[in-house]
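Listed after this line are the structures, all set down as structure tokens.
Look at the two complexes coming up: subunit A is in both, with subunit B in one and subunit C in the other.
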Partner chain A sequence: MEFSNLSDSLEKLPFIKTVAGPLDGDQWIERLKEEYTVLIQYIQANKDDDHDWFEIESNEDGTKWTGKCWYIHNFIKYEFDLQFEIPATYPSTPIEMELPELDGKTHKMYRGGKICLDIHFAPLWQKYQPKLGIAHALSAALGPWLAAEIPVLAEQGVVKPSS
Partner chain B sequence: MSTEVRDDNPYSRLMALKRMGVVQNYENIRKFTVLIVGVGGIGSVVAEMLTRCGIGKLILYDYDRVELANMNRMFYLPTHEGLAKVEAAKISLININPDVEIETHNENICTIENYEKFNQRILNGSLTGGRVDLVLSCVDNYAARMTINKSCNNLNQLWFESGVSENAMSGHIQQLIPGELACFACAPPLVVANDGDENEIKRDGVCAASLPTTMGIIAGFLSQTVLKFLLQFGEVSPFLGYNAFSDFFPKYPLTPNPDCTDKKCKELQQYYNDHPEERRLKEEKKVEEKASAHDDNEWGISIEGGEDEQAPQQETFVEVKKEQSLADLMSSMKKLQTKQ
Partner chain C sequence: MQAILELQRQLKAVQQSKGAQANKLNERNVVDIIRKLLEDNKIKLIYTQDGKEYLTNEQLEKEIKELLQESGGRLSVLEIPSHLGVNIDVVERSVDQIVKKNKLNLINGQLISEIYIDLIMEEVYEMLSDKGLLVLQELTTKYNLPLDFIKESIQHRMEYSLPQGCQLQGNSLMTKTFAERQVCKVRGILRGVTRPVALSAIATQFKVEEQKLKNITDQLIKESQIKGKIQQGLFIPQAFTQMQEGACRAFYQQNRYIEYQMLSKLQVQKPREFIEQVIGKDKGNFLANFYISKDFVQQIEGQVQEIVENGSYLDLSHIVPSPFRDQDIQDLVNIVGDQCRLLSSNQHIVSEKFIQKCLEEFKVSSEQIAIKNIKKGIKPQTEEQKKTQQVQSTNKKGKGGGGKGGKKKGRQQDDNDEEVKEITVEDQLQINITEDMIKETLSSSSNFVEFKDTPNRDDYLFDTLAEFLHIPLNKQYQMIFIEVFARQSTKQNASVNKNLEQEVEENFQTLQFMFKQLELLRKIMTQNDKEKEFDVISAPVKAHWCKTDAQVMLNKLTMVQAFYNNVDLNNLALSKDPKTQQNTVLNANDRKTVAKQFQKHVTAIFEQAGLYLSNKNFDDFMTHLSDNIKNLGARIKQTDKKIEKKIKDQLSKELKDQITVDKIESPLFDFRSLLIIILNNRLLESGVYLNLPNEEWACKIMTNLLINHGIESNMDEKKKDDLVQATQYYSLHCWTKSEDKEKITEIKEQSQNLLLELIK
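Up next is the complex of A and B:
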């Protein structure tokens, strides 16, 4: 998995133009269209690389997202529910990705199953914001987190393969 | 509030401030409402201090639970373990002073629904159903500070921010007057105080150190500042830092950033430039401007911006096709994902 260089994985995706959050009315819809466009590109690219690793959809106003993400370790697939909300201060502050099934199973996580990204991803978001979006967060935050944590949790037997 | 000096009058020592000429109208404290976001190591102690001072009403926000790992700080007791922090706080505060009205919200203000409600509590939370007198940020993370910042800029609400560094060796309190002093998006204060990056502002519990001493000192500073602000005595510092290693207390105003990313902040900066008579902060501002102006620059020294060095070489931005609606995009993503 090519998660080694965060900046690299970010630069494969185009940036978001519209500076707007979910409380900004029509501007948010513009941003949401851009978010979706980048997501589609990202999903397509993953499929082309035979490296599909998540599935998501949003509610109508794009504020709540749910789906699944998975990680293959030693040819075994580990799959988890994924959910996140767009915070009121987005895009000034990053999205907090949640894997509720892993809540309490690793200390690299906050209450409610929010993955810990303070050291690795938050500074990156700060540097690039407001140009990063959901696809970037998946690619540079959740992806590397899974790559770092799942092998360890799998070895410890904390997570079980999905049937 | 009785001024009578009797052993059973809980306010006699406070009312003595009037007799000593420190405060003109101490009993006014009963009219004020303070909203505290975060009742952890700093916020809970501030709540206790203001409760003991006889504040009118406190509105407490927090979505955390009391854990034994919190016991190295003040206020909470091991018997509170597992309770919502705001609930545990309410129990203790009502015991300490039943005259104080305590309103609690076991909620994360960063979500959209809670954010809207939070704004309403700022506007309608006071004892008389109007705007609260002050908002205090006693949170431990960047996102919550940015949320309070957004609310307070949008509502033009004066607030104070507080924090203690990851290693528990420094802290700060900061006054934020939208449009007149730097907002949190203009310059995050811990970054200024520590000469570092935003990375320094991290969340409790994952790996941060904490001490009851540093937290207590900052809580004391913040509470004192609240009293001075509400009861109008002494000077209210725009920024007060504390370095535990060297006992250094830096104090200076932070002027707003004309290029602030918060639209409302910029708008209010413009407004108060055009209407200086309406400024709430009068003298200190002038002093600061004098201090920062260098009329003569004999050596032609200029400050280079650091941003250019890091600017990415070429940035590609997304293009949304004109005819595409959001619904189109949502369905094409769905289709793409169901395709194996």
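Up next is the complex of A and C:
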């Protein structure tokens, strides 16, 4: 999954219509529904393409998400814990993905294991918000970040293969 | 919220499901797997240029073959990458494999299949049927293929792809009918030819390939369809050869000779071979420019024979055909005129007899000229002089621009002044008989009426004869000159020799005289029973005579003998006379050299005499000489009493002349020589003259004889004492060094007195 395919992968996913953040009550519920639908669609498509690369679940109100993501480099699977929160000003503020295990192991990351997306993803989000959601963020931010960073980290021996 | 929970459940379910493609490998994995396989060398694949596809070699070959077929059997290798999207390197490698495996040709980077060649052959078939002749070069330009490839392809398919009877000749392909038509054409052309013509010219004019034309011509000649031959690229029709032979024969039969140049005009390359072939080998003679028949030569020979017998001359211009040139006439004369000479004009031939007659005419005048020249002091040259002069004269000729100018009148007069200055004997000899003189003598001679100065005289013959005679006449003159010179110098030599002969006679007689005196001494001593002492005394005396008097006499005798035998001493390697610097006989080697030139028995006499001398055997020498003197031709008288007396008187006079009181009293007197002379004289007076030299041993012998052997009668004691003293003084003079002047002056007076006493 390369950066050049970024817009392709975005195009495969439908945009989200409801504009609401976690503080917006029923409106947020509506949005969350849409988020879930798109997410399911995305996962389903990944499965169909034999390209499943993450698992997530949320808390009840859908503001905190946890799960795993993995990347296969040279036939070796590297798996990491994934977590993120929906910011209060969502969807005008983009989601910040966290890979706590990699905290301090690469400089392309903020403190607390938040991956650095300023250059590629932030402008994209600004361009399409509020139409983009969680699935879009996973597809266009975390996916490319893993593809770019993990091979480097794996070569450096910073990350270890999962079992 | 219910809906949310439902969605959460759905999410979980989706995440747990395996997806539609769960059992299939996705593209990414496939790429990885293939890459792994490639790395392990388990499979070999070719990438397309866009990287989207893999190909196996077999697939690539198959695709290339398909592409070749699609493009009609001819495909540029460079086009393949754009069609198949594969790199050119890979394509080239694959093409090489294909060409190896299949019946395909790779020509100039193009793949060409059999199908394409078949297509070409179809077109060739059509063109051939249309034109009958096809030049392969046309095909190369048309199909842009190499000639060799086209030729090879055609040769392979000749039988089944082209019309029957097609021929590939050189670079042209032609049908049977066309070839036949061409043969007919050539036959027509060559039958029409009447003179030699170059095949290349026919080829250009009638547009037939030259090689083809040559082959056809050869074949036609072989089949006797045309008559003629090919020679140096020319076709020579038989009619032309017949014409040449006919013309040659006709001319020859008419004139009995034929000129090579005429044959050249008839385009005969080698006239001599041609004549041998047409006329025959031995029917005539080859001259420089003509061939002349034998009977013609014989006819001329007959006339020449006539003048040889008559001793006259012949004007060839009436006999020899007018076109004959100088060289031909010279050749002809070489054949017919053994005893004749051709004059420089190449017109007249003169018999040797006639020349001899002319030379005879000049003998008297030559001799007169020679005598005149000798009187002027000219001498014949020696060989060396001649050689150096030859070199000089050749140099001169070289400088003067060469040629025979010297022979001509004008040049001689012009150069006269010069030649007077640096006159050489040779020049003088050559100048002595000029052409003018020859002409004058001939025209005034009664033996040569035909050369009288009348209008009827053949002036041309006269001039050339004079020119011709110039050289032999001068040669003859030289011979006469040398002869005359020799005759005159013989007279001089004879007088010289006579003196020498006289000297020899005198010397011989003196020797005989001395020999007799010695015999006398022997007798005296034998009477006194002193034979042994005689031997002791006579041995050194005889040895001395062998070294001196006898040797001189024999040398002179050798020279006298040389004169009688006409041996030229100047031609032998001999000693030089210190005075005259002429060759003379001075020692045993000279004698040997000269004696070798004598008759054998004379040589033997001289060698024997020489041997006696070198062995110091005086007695045998004298006997040998006395026995043989008559055989030597020298008129030498043996001694008799009269001669002996004459010799004795002469010797006595000579000796006495030398012993005068003045000489003794002179301050520069030589005691020793004077004493020896006195002693010799006293012995002569006593009848035992030994002619001994001024040496101590001689002095001792002589005083010994005088004192002890009673040779001199009335010898008193006083005289004996004087003699003894004189001998002592002699030794004193011998051993006293010239520096010891005191002693010499001391004994000077005494010895002078002693000498005066002795001659009293």
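Couple of notes before you dig in:
One rule holds for everything that comes next: the second predicted complex is superposed on the first by the 160 of 163 C-alpha atoms of A that agree within 3 Å, B and C clash if a C-alpha of one lies under 4 Å from a C-alpha of the other, contacts with A are read in each partner's own complex, and residues count from 1 in each chain.
FYI, contacts are C-beta pairs under 8 Å (C-beta built on N, C-alpha and C of every residue); 3 or more make two chains touch, one makes a residue touch a chain.
Just so it is clear, the structure is predicted and the values come from calculations on it, not from any experiment.
Under the clash rule set out above, the superposition-derived model of subunit A with subunit B and subunit C contains a clash between the two partners.
In the overlay built on the shared chain, the residue A:Ile40 is in contact with subunit B and with subunit C. Judged by the touch definition given at the top, the superposed model places A:Arg111 against subunit B, while subunit C stays out of reach. Of the two partner chains placed around the shared chain by superposition, subunit C is the only one that A:Asp49 touches, whereas subunit B remains out of contact.
When the two complexes are overlaid on their common chain A, residue A:Leu32 makes contact with subunit B and with subunit C alike.
Judged by the touch definition given at the top, the superposed model places A:Phe75 against subunit C, while subunit B stays out of reach. Once the two complexes are laid over each other on the shared chain, residue contacts for A:Phe15 go to subunit B alone; subunit C is not touched. Between subunit B and subunit C, the partner in contact with more residues of subunit A is B. Once the two complexes are laid over each other on the shared chain, residue contacts for A:Thr93 go to subunit B alone; subunit C is not touched. In the superposition on chain A, A:Pro123 makes contact with subunit B only, not with subunit C.
Once the complexes are superposed on chain A, the part of subunit B occupying the same space as subunit C corresponds, among 20-28, 182-190 or 326-334, to 326-334. Put simply, subunit A uses residues 29, 32-33, 36-37, 39-40, 43-44, 47, 55-58, 62 to touch subunit B in one complex and subunit C in the other. Residues of subunit A that touch subunit C in their complex: 29, 32-33, 36-37, 39-40, 43-44, 46-52, 55-58, 60, 62, 75. The touching residues of subunit B, when paired with subunit A in their complex, are 64, 109-112, 115, 142-143, 146-147, 149-150, 185, 197-199, 202-203, 205-206, 261-262, 310, 312, 315-321, 324-326, 329-330, 332-334, 336-337, 339. Taken in their complex, subunit C has these residues touching subunit A: 1, 3-4, 7-8, 10-12, 14-15, 17-22, 24-26, 28-29, 32, 36.
In the complex of the two chains, the subunit A residues touching subunit B come out as 11, 14-17, 22-23, 29-30, 32-34, 36-41, 43-44, 47, 55-58, 62-63, 85-89, 92-94, 96, 107-108, 110-111, 116, 118-119, 122-123, 126-127, 130-131.
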